[in-house]
Amino acid sequence: MLPWSADLAGRLDRHVVDSRVLRGNPLGDPHERPLWVYVPPGYDDEPARRYPAVYVIQGYTGHLAMWDNRTPFRRPFPELADEVFAARRAPAAIVVYVDAWTAYGGSQFLDSPGTGRYHTYLCEEVVAWVDARYRTIPERDARAITGKSSGGYGAMITPMLRPDVFGSLATHAGDALFEAAYLPGFPGLARTLREQYGGSYAAFLADFRGRVAMTRPEDGPLIEAYGYAAAYSADDDGTVRLPFDGNGELVPEVWDRWLARDPVRMAREPGYGEALRSMRAIWIDAGNRDEYYLDLGATAFHEAVLAAGVPAERTRFELFDATHAMIEYRYPLALEWLCHRMSV
Amino acid sequence: MLPWSADLAGRLDRHVVDSRVLRGNPLGDPHERPLWVYVPPGYDDEPARRYPAVYVIQGYTGHLAMWDNRTPFRRPFPELADEVFAARRAPAAIVVYVDAWTAYGGSQFLDSPGTGRYHTYLCEEVVAWVDARYRTIPERDARAITGKSSGGYGAMITPMLRPDVFGSLATHAGDALFEAAYLPGFPGLARTLREQYGGSYAAFLADFRGRVAMTRPEDGPLIEAYGYAAAYSADDDGTVRLPFDGNGELVPEVWDRWLARDPVRMAREPGYGEALRSMRAIWIDAGNRDEYYLDLGATAFHEAVLAAGVPAERTRFELFDATHAMIEYRYPLALEWLCHRMSV
Amino acid sequence: MLPWSADLAGRLDRHVVDSRVLRGNPLGDPHERPLWVYVPPGYDDEPARRYPAVYVIQGYTGHLAMWDNRTPFRRPFPELADEVFAARRAPAAIVVYVDAWTAYGGSQFLDSPGTGRYHTYLCEEVVAWVDARYRTIPERDARAITGKSSGGYGAMITPMLRPDVFGSLATHAGDALFEAAYLPGFPGLARTLREQYGGSYAAFLADFRGRVAMTRPEDGPLIEAYGYAAAYSADDDGTVRLPFDGNGELVPEVWDRWLARDPVRMAREPGYGEALRSMRAIWIDAGNRDEYYLDLGATAFHEAVLAAGVPAERTRFELFDATHAMIEYRYPLALEWLCHRMSV
Amino acid sequence: MLPWSADLAGRLDRHVVDSRVLRGNPLGDPHERPLWVYVPPGYDDEPARRYPAVYVIQGYTGHLAMWDNRTPFRRPFPELADEVFAARRAPAAIVVYVDAWTAYGGSQFLDSPGTGRYHTYLCEEVVAWVDARYRTIPERDARAITGKSSGGYGAMITPMLRPDVFGSLATHAGDALFEAAYLPGFPGLARTLREQYGGSYAAFLADFRGRVAMTRPEDGPLIEAYGYAAAYSADDDGTVRLPFDGNGELVPEVWDRWLARDPVRMAREPGYGEALRSMRAIWIDAGNRDEYYLDLGATAFHEAVLAAGVPAERTRFELFDATHAMIEYRYPLALEWLCHRMSV
């Protein structure tokens, strides 16, 4: 009963996947991963019917169990997604909730010697696992990926890297245009490290792990930037390279590695542009007061998508009145739109 | 497996209570309420043993299911509480998680014609329900109540109102010293109502209910203040009286009704002072950067408690380095302390 | 030449007044005070003509020399005022710039054993001094007073106290509705005193005087609140009584002394209401984002003025889009309006 | 008399210079410029004595008349400077206050087709003018330059560009390390332009000039960034190139022109490094809470200075507890230090 819980019209199966590629990951994070698969109402009644699948990924610091979190006067996304199908607002689909959490708070859904092979885990293991156990339409045109923030980032870059796996995407306030999204935070991090940790990230990490986490205002930004560096600019031996030095000055060779992962820059490369042109549907939105200026990133990515030759009618772009927080009510809109598009 | 979940050493039973006193409540909120009862490790092995009980209540906008919420790099309180007993840091106790949510976000654990009889629900129905079904020590000296924010408020005033029911308490950043905690927010509310709702709270409430809630920065403060008014200053017919007018000017006769519910003022009244003197243990803390100045409220309440004649050795007072948010790591400290005190 | 300076069409005479009533003031502030008198273009050409006079007073921490301050892309008020007359936007008037600075930053234009007799200085000494040396129309109907912030406060209360001296007024974001303007700041002050000065205002004052002032963020609010207390609630022997205690709790008997000086409350008293009804012109405005909620104070004062029986056509009320800062461009509007009204 | 004014022990002469190089400047700003020359106590008594000279320049939006501005509980720098010599805290020197204001708020003390030849004006015209009229020691070793913010920027780059003119420098919170100081602000500017001006800087400039300036919170940042672009990246025909596009994305070829003017980068170039090595004294400081992260810029510049081979004993570096504002009490410290160094 609301507000405490709600019954779903469909069914949410909670599994654990034993990942091969995450075994022995550099951070010692679990290789057994939760995976939730939602089947829409009617799934069990039509045993021959196959369904498109929407893969849902999370923002930084998110892990799968947080989809159960309840916030005041709101409902969790899995319930909102269920309503989309219960109310027949969109053609039925399977919804897959994927976990790519790490001890730094996230993986950016990339393979990295700094964190692990989360991109491969998602594209190879999870997709195959789901296709083997659920009546999906096991084709890229019947697969979409969607997420918010770092999840939006993953939703942008994963189909560019693997257009054979995903044929549609939706990004809500996804990390993009890194000089607007990330760079403005670097000076503050450099200052905090100087004032509180003798300029040493190692000192911060040791402190962070040895006490109650997130008690200091800078904990979040510091661990997050470190996690991004682990994802974007770790050396082959796992050494994490930071894009700024002790004074907050950019380290160009490292910053360039970050920019090579910027969805806006990627979209301009011919290979990735071709991948984008193959997409059936691309949803891009962000709040116009987003603290990380991801409205600018969304706009720039949208422009790059169009410049790559994607027909405007296959895209949906919107800036809405919001900050970066509390925008889960946007996700069902994209889910609905994607399901319609995949069914065309 | 962490971070997604953790096994408990004890057992958490999730019940639903069919409340008689909440039937027909003015807001039409459910009278069937979730109630969680935690029994410590060993409870089932010692069938004759009886335990003290700690009642846990929540802050504003909280409802019972939120105890399951998981936050980055942290663990939910029920797991932390379990650890207290698993690690034998305190004598074993039963922990009861009580829900007093309303459509306004809370009840302040009071009986009010504006919201419902949540005080009676807690003190009469819940306590009796638990005592009837669990091997508690059914005495006030073996009952404590604890909470944070509005839950801390409830933990202060409930034992003052019903010293026959509760003999110990802990308040973390509990609402107190209302001119510091509440009053500074009134001018901003008056301005928001003027600028966005033609000065009308009814217009806000209608708007708030008709759209996705909490999309506007002022949603939280506006609904919260209305809920407090519903708890502190509703007329017998349920009419909610606000303590400020359209210009933000105090309405003294309403504000006085609020002040009559201020734990600091209550503690100074002879009857409530007598109740406080009967307490076995009183824990009071708050973050020294609390946005609602509840460090000031905690200090003032502590001074009033001492002035009422409570021996210092039965109290524990601390200001710690924190804001109002993210302080659930403090709760196990009080839980442990209370369990020791109840066992003396 | 702009931006560095501008020639005036009229003439600004800079005097020093040797005040009798400020001699031996409690703070040891100078009794010799700067006084500027501006005469409009044509004053020297029409030696028989007499002029109405507008008295201009300043906000907290202001002293007379600050009227010369130049800010980026703006011009000082004395130049803007000169333009009103140079452009013949209003009937010619004399403009008198009065200094009521104290070592605390201001006097609220009141007589107080905590600061000195600034009300008497203004109403008795300055007015007489000007009338004796300039060709004013020496009547209350030909005298107006105007100011911003604490100057707006002075412009509200001075004519209520001395309707025989001033017959018109203008207040820009004037201090009013003290529970909205002042009270919300008290908890923060109490906390700062606790955290940084052992809870002692004396410790703050000693520190403040012994180092470069205004280097700490709290310096301004602390000295300002002390100055208000010196103006509103000093005992006969000069002891300054604060309206809140170490916990930020209101001290009712002191707070009541403040409220007795609140223009909103004053305007509701029969005697002051009668004074207001005698006014020829009352201008009230404030920015709708004023940090001290003086838009609420302005609204409440305006309502009280109307409730006192002042005809609406003798008032001018406006909320404009601004904060508390940088609103000197509003002053010429009121100056112009007052000059027209005094000439009717 | 304080707080309104103070008598100087020395003498401040207020001149107007008719500049040849500023005639016909692109913004139509005055070519007649105020210039203040301060001579220390005793100057007129020792007609044969010659003095070193310290040139003082201002931060963005500053113009010469603002040195007269008085702020609460503080004194203007010219009075503080006078005290240095009156109290014989340093060897006597002449202090020259130079104006380089433009209609955009400043010039960065550079020659630019976007604003005018302010670098030449300072190094050629002003220095010669002063040397011709005052008993300076007309040598680079007896000339220092000092300033704050954009004035600190000018104090860093002017001696690097013209080591033949200036032999010592002091920078307080000077613009440096442009990715920390400037770049973080670009996304917000792009957003503001999008939301309020249809993405057009021209639309902003037209609006800004057509109404009371600085009434909108974004006015300052927008005009300031435009002025920097006019100084750093104007084309030969005066066209101002912005370093970011409508989405806040960096325009590398323009941003590189900015970086070429970054004191940190300049200091690393051999030619400028040689200039720095020739300096007798280099003072670098900043507040450790500077909103523009100029503490990071100061640190990076200091490191670059040392890396260029400047002996540590000729430098003075300090981070102090302050923001970017209200730090004029630091200027006399540097003035004193420079005067001692120039006299060695």
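Things to note:
Each chain gets a letter, A, B, C and D, in the order it is written, and its residues are counted from 1.
By definition in this document, contacts are C-beta pairs under 8 Å (C-beta built on N, C-alpha and C of every residue); 3 or more make two chains touch, one makes a residue touch a chain.
Keep in mind it's a predicted model, so treat the numbers as computed, not measured.
By the residue-number overlap criterion, the interface of chain A with chain D counts as same, with over half of its numbers used by both chains.
When the contact pairs of C-D are matched by residue number against B-C, A-B or A-D, more than half turn up again in A-B.
Averaged C-alpha coordinates give centres for chain A and chain B that are 36 Å from one another. Here the CA centre of chain B is 46 Å from the CA centre of chain C.
With each centre defined as the average position of its C-alpha atoms, the distance from chain B to chain D rounds to 57 Å.
Not a single residue in chain B touches at least two other chains. Contact between chains, per the stated criterion, is found for A-B, A-D, B-C, C-D. On the chain A side of its complex with chain B, the touching residues are 1, 3-5, 30, 32, 34, 61-66, 68-74, 99, 101, 105, 212-215, 219-220, 223, 321-322, 326, 329. Those residues of chain A that touch chain D in the shared complex are 177, 179-180, 183-188, 190-191, 195, 247-250, 264, 288, 293, 295-297, 299-300, 303.
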